[in-house]
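In order of appearance the chains are A, B, C and D, and numbering begins at 1 in each one.
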Amino acid sequence: MTAQSAEALTHRLDRYRAVRGQSEYLCEPLEIEDFGLQSMDDASPIKWHLAHTTWFFETFVLKPYMHGYKAFRAEYEYLFNSYYNGVGQPFPRPHRGDLSRPTVAEVFAYRAAIDEAVLALIVAARDNSDWLMRIELGLHHEQQHQELMLTDLKHHFAQNPLYPVYRATDLVDDRELGPMGYLSVDGGIVAVGATSGFCFDNELPRHEALLHPFQMADRLVTNGEFLEFIRDGGYRLPNLWLSDGWAIVQQEQWQHPRYWRKQDSEWFEFRLSGQRPLQMSAPVVHLSAHEAFAYAAWAGARLPTEFEWEKVASNAEPLAAPDNCFVESESYHPNGVDSSAEDQGCRELFGQVWQWTSSSYAAYPGYKTMPGTLGEYNGKFMSSQLVLRGGSIATPREHLRVSYRNFFYPPDRWQFSGLRLAKDV
Amino acid sequence: MTAQSAEALTHRLDRYRAVRGQSEYLCEPLEIEDFGLQSMDDASPIKWHLAHTTWFFETFVLKPYMHGYKAFRAEYEYLFNSYYNGVGQPFPRPHRGDLSRPTVAEVFAYRAAIDEAVLALIVAARDNSDWLMRIELGLHHEQQHQELMLTDLKHHFAQNPLYPVYRATDLVDDRELGPMGYLSVDGGIVAVGATSGFCFDNELPRHEALLHPFQMADRLVTNGEFLEFIRDGGYRLPNLWLSDGWAIVQQEQWQHPRYWRKQDSEWFEFRLSGQRPLQMSAPVVHLSAHEAFAYAAWAGARLPTEFEWEKVASNAEPLAAPDNCFVESESYHPNGVDSSAEDQGCRELFGQVWQWTSSSYAAYPGYKTMPGTLGEYNGKFMSSQLVLRGGSIATPREHLRVSYRNFFYPPDRWQFSGLRLAKDV
Amino acid sequence: MTAQSAEALTHRLDRYRAVRGQSEYLCEPLEIEDFGLQSMDDASPIKWHLAHTTWFFETFVLKPYMHGYKAFRAEYEYLFNSYYNGVGQPFPRPHRGDLSRPTVAEVFAYRAAIDEAVLALIVAARDNSDWLMRIELGLHHEQQHQELMLTDLKHHFAQNPLYPVYRATDLVDDRELGPMGYLSVDGGIVAVGATSGFCFDNELPRHEALLHPFQMADRLVTNGEFLEFIRDGGYRLPNLWLSDGWAIVQQEQWQHPRYWRKQDSEWFEFRLSGQRPLQMSAPVVHLSAHEAFAYAAWAGARLPTEFEWEKVASNAEPLAAPDNCFVESESYHPNGVDSSAEDQGCRELFGQVWQWTSSSYAAYPGYKTMPGTLGEYNGKFMSSQLVLRGGSIATPREHLRVSYRNFFYPPDRWQFSGLRLAKDV
Amino acid sequence: MTAQSAEALTHRLDRYRAVRGQSEYLCEPLEIEDFGLQSMDDASPIKWHLAHTTWFFETFVLKPYMHGYKAFRAEYEYLFNSYYNGVGQPFPRPHRGDLSRPTVAEVFAYRAAIDEAVLALIVAARDNSDWLMRIELGLHHEQQHQELMLTDLKHHFAQNPLYPVYRATDLVDDRELGPMGYLSVDGGIVAVGATSGFCFDNELPRHEALLHPFQMADRLVTNGEFLEFIRDGGYRLPNLWLSDGWAIVQQEQWQHPRYWRKQDSEWFEFRLSGQRPLQMSAPVVHLSAHEAFAYAAWAGARLPTEFEWEKVASNAEPLAAPDNCFVESESYHPNGVDSSAEDQGCRELFGQVWQWTSSSYAAYPGYKTMPGTLGEYNGKFMSSQLVLRGGSIATPREHLRVSYRNFFYPPDRWQFSGLRLAKDV
């Protein structure tokens, strides 16, 4: 056990403040009224995200590790627990939007109080203090919620016929875009999963997997291409859909991606910058996996598996991707990458839109959950969900990794989820 | 057509300002976050009430009668329409809580703009200008919504484990209360319905009805009395309940009135002043009609019909009732009237709690709806609802009349609804 | 207590055998497979009706009055209880169709065994034996279920694209039918409710009611007339509908009466004799109260109250009505009565179709339920239902009375329910 | 194209008659009333199975291949289509139980007519006639439905408090059973998928997969072992369950496997032979995947993957399994295999109970659906389901293969589904 260097301490304090500050920065354009909206069970109020991420530090760092710590407010343990049954029965998720108190100001005060205590604990740490790892986990957790804040807010705003604007941005010009090409990849045994540095437990253990030869599209599918699918009857042809997907199409009367709207024969798209004309060269986004499967079937292709994607992406990295791909660009909508962009084989691997894979979200061979209540973080969701890879325009760049696995249910489409095609050889 | 006198004008301006001002006064204790809550389909956001009552004046007064009037904001016609199909398809009620915009400040600005225009129209009126009647209707409409603001807010706050306080009030001492007595009333033909002055169309025409001899309880049923019903197994004995009521009891697992709560063998009640000990001498409140029917069956009595009630109340009037019975008392919870209070036969006829009757809400013989879209105000709800009489602690005193008919579905219990017994002779 | 005469005994035995035999006669056209169908919660299997009516005699006659009686089969007490909580928790109604056992043959054996015991009890009775009254009640109860057997079966068969035929009948020719006339009736105090002879408790006590002058249509509304309503946009105009009714129209996409169907611009109607061309002169049938209200609003009329109907019908009687009006005609579909038929003022008062009234199903002044569990027969349903009067083509003629009150919920339309108009003077 | 030999013809005729006859043999113990039951959307009426399997031959064999074939009855194309959208919109599955017609006798007549035509087509075939492959597919299809007939019937009967008996069987004695052992298996590349002979498209293409070293339990989990899990609080401890599973446990109030029942502290199990005492040494059956996952977590183990299972089973074969494992034993309930049974490493691989695997039901690399409408057979269900392996006591022995993949949703538990454990090394 060694004391941390001044440099390490400064880095830790800065990083904590930066990540926590980003959550609050994302709230700057909001009115007080916006913080409480819950437009569906899955989409929590912004205020809840701010409080829950704080609860995470209080519950998993301060309570176990800070000597003599007293709960900020006893009821918060219940109110802001998401799904950790080990902590206790959580307040029912569909009713998060029914709580006007604590107010937004009270939640910010909660954040400030917890931040002060956590920063003190960082100062008091040694290099291998147990809580440093948990603080790091808490920061990655907070980044996940930063993305959810944007996707949930978008869902909330989309209910409002006034089309509220989160942040006004200019429409970028249509980009240069050639026809879709395919990269051929050999089969064989590959190593997959996390290497070094921080990762979630679901990326471990790194292990070998066997790939069969395949082809991977060199870019994402665009709005223009998806519109051809629609015009060709895509949403009316049951043979293109999985059985579960077709059932939803009929029940929910799906006729286009989540935020598209046709008005007087013109197509529009709801963005965080408001209602905008649909831009044909931009990557299609807010697809369910079922829409992705149907499009792929129509296009004579398929979705990649998560390991095919990881193999292709193993030559790339988020840091090398263009600046307009992540949340830091403040565009809040995927505009895609020019085909003139230099890359090895595949563009748009990181950022832009999460790419649905055909892989069910499952444990890697030898997978172990974290001990204790934190073991509920990932493993218990390994049922009926699919893996998405690559991150999106709403993801912090540094939150991503080649081995990063996101996961949602096949019908979910309020995330920035899109589609890259693959093919058998 | 005669010009209005200065006195009449002053009265009209004052009255308009007073009623409209009261809606805003009721909002003073609220945080911005409270205005947007919608905790069930039936209970609208406070912000919506503020906007809808304003929409009423804009739609039914300004648009038809103010020359050259331009809509404040075109989308509001859709957003704040409650149920007037003649105006257009309304925004779906269950989603009123999904709208963070317009903001509270914008809604207050909407109110101010409409008020300015309506006041100008009042100034320009002659004594029999058509719009004066509609303004009067709009003010009564606003008073109805003032009561709903309190009952809806109470429902919203009741979802929150923090038990928010609307306005803190002291618990009053238990009151002097003798045993329940019964007033005997002869049968015969009586005249019922509105006489002169403002009334809603559902109180007309005044007409004759035949009563059979009956007895009317001289006061309301209390919490203490209702608790005996519970302790005697009231919620577990199907034979006390109507079939529809028993189905709800089982499905919703009802075990006590809406806002009661038992904690460590003590009974508490959620009030607009927060969680408070249950006060045994206070009138029981927040009953569904089904609970009222079951209690009456248990007590060997029955509910009065609306005309029995009206006959008894025809000797009384809201203006003569004690001060602690109406919303102006700012107690926001019924505390009941001392048995020492001077009265002729029956106490607590007006204010305190709405009294369920056994009368279905139906048209009086020869009933005519108002012409045009305003005809949707009352008549179309004459199906499967029951009449309640007398007003409550949340009703403005001057809004009430002997002939006033309120109506809700038998399972509804978020209103300040309680119970007076009657008997056959 | 006097012994019954031979004649009284013979009459009682004959009547018992005749009513019970009629239930079985109605089953003659059925296949074994038809007996088990339950196409909605409200429509029970035929087999269940056969068993439940038998259970009624076993439970309310044999068990209390037959010395040493042993239950036919213990589980039947639970399986065939409809809604008598005093007997015990009934088997859940929506699952009656899930029971293939007891088989049809076993149910007929159950009927035979109970009949033998009841007949023995009749033989042993004295004139005023308590059980004779209960047997009489059981026979009226059985007649009610005979009508339900036909309406439930019709609902079951209507689900089947093969359009099964219950009993083939010839289409009768269109009848002579003049324009609808109105009979003017004075107001005043009238006596309503049952006089002498058997009646249900809900028809008592006979009492005085006050009528206001009114007009009553001299015949039922026809299919042809209802079609005009449809063509005039009746199902698309919210202003014609009660609010609850309009909600159903939109939710269930109602566009015509329950069993109508439009095929290649021709209208058909599903009858117990199969799919048939819609006959314009026949009374419209299988309307909900909401459709009846909407039609009346469109026609500038209203529904009669139950006492207006009873006043008009007090000059008539079921025995004097034409033969083609009741179940004994074996037409199983209302064909209406010629305008040449001799009558005093109003035709089609009895039989043909149940006539919706605007009166909510409520207790008469001084109403008392039967003592004990049989008190659950009628009174507990006095909530949110409307009274229908007059009987239908599926009712046994001798089951009807001027004071007879049927009752269903406003949205119900699988009964033979239709419409007679009334007007204010 | 060569004419078929007399021997081949005889074999084909015999096999067709045998498989088709087995469906009818399974119906022998049934009453007419049993054929129409549909106790949940997923569990079809027996009559429907008899008709649908016949429809399969009519639609996919007779209509395309028999010259001049006329549909047996036009409406059957719609009524008995299960889910082939390419044939047309199917009759809605939840309403299959609403059809009393065609009668059971009519369905048997349908079967006889189609059989006659198919047999004629077999006689007319050459060795490589296209339709022979489709007939073979139809027979395997029919065998799948034979298993569903038993599981659906069991679900239907389980609703009935009379506990109907399908076929009475003796309870076998508790078997000899040692403690559970584990077989250690090396990792490496293995070939999986179908080899030669008939298989479904989802078993192809045979391909290589990479296994990591693992351990496989040498027998199934028993009722006695599962009861320990229950007694240890298994159904009350959220940390043992996947998140989706815990949600169901709470919503459906699961407390034990599907057909268990506790009465006066004794455990019983509903079998096709009626309500029987729970036999502790028998394999636990009628588990959802969620219950299997939770048990495995509690036992410190996991479910095998489908390829781990296939690797272990590749040394075995259904033909070598004991006689009491399949439907031909007519025991209709898994009794397990003695530990004295000779086997290589693992017992109870085939028959007894379907073994849940952790593998999601997905396409093999290079998977292709059958061309045309038959392509809807398997592929469109590759979403949110898990693979089960090995067959059950309700499966025909010759229907099984090492590569056979069954699939159900994780919450499903009306199949004969049970559990074998595995472990990481």
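Here is the rule we go by: a residue touches a chain if its C-beta (ideal position, glycine included) is under 8 Å from a C-beta of that chain, and two chains touch if they have at least 3 such contacts.
The structure presented is a predicted model; accordingly, all values stated were derived computationally and were not measured.
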- Joint neighbours of chain B and chain A, given as chain labels: none
- Kindly list the shared contact partners of chain C and chain D, in label order. none
- Message: Matching over half of the contact pairs by residue number, can you pick out the copy of the A-B interface from C-D, B-C or A-D?
- Response: C-D
- Query: From the centre of chain B, which chain's CA centre is farthest?
  - Reply: D
- Message: Just the number, please: Cα centre separation of chain A and chain D in whole Å.
- Response: 38
- Note on the structure: Separation of the C-alpha centres, chain B versus chain D, in whole Å, is 60
- Item | Interface hub residues of chain B, defined as touching at least two other chains | none
- Within their complex, chain A touches chain B through residues 31-37, 39, 47, 75, 78-79, 91, 95, 97-104, 156-157, 159-162, 164
- Item | For the chain C and chain B complex, residues of the former touching the latter | 83, 85-86, 189, 207-210, 212, 238-239, 241-246, 290, 293, 302, 358, 360, 362-363, 365-366, 375-376, 380-384, 409-410, 424
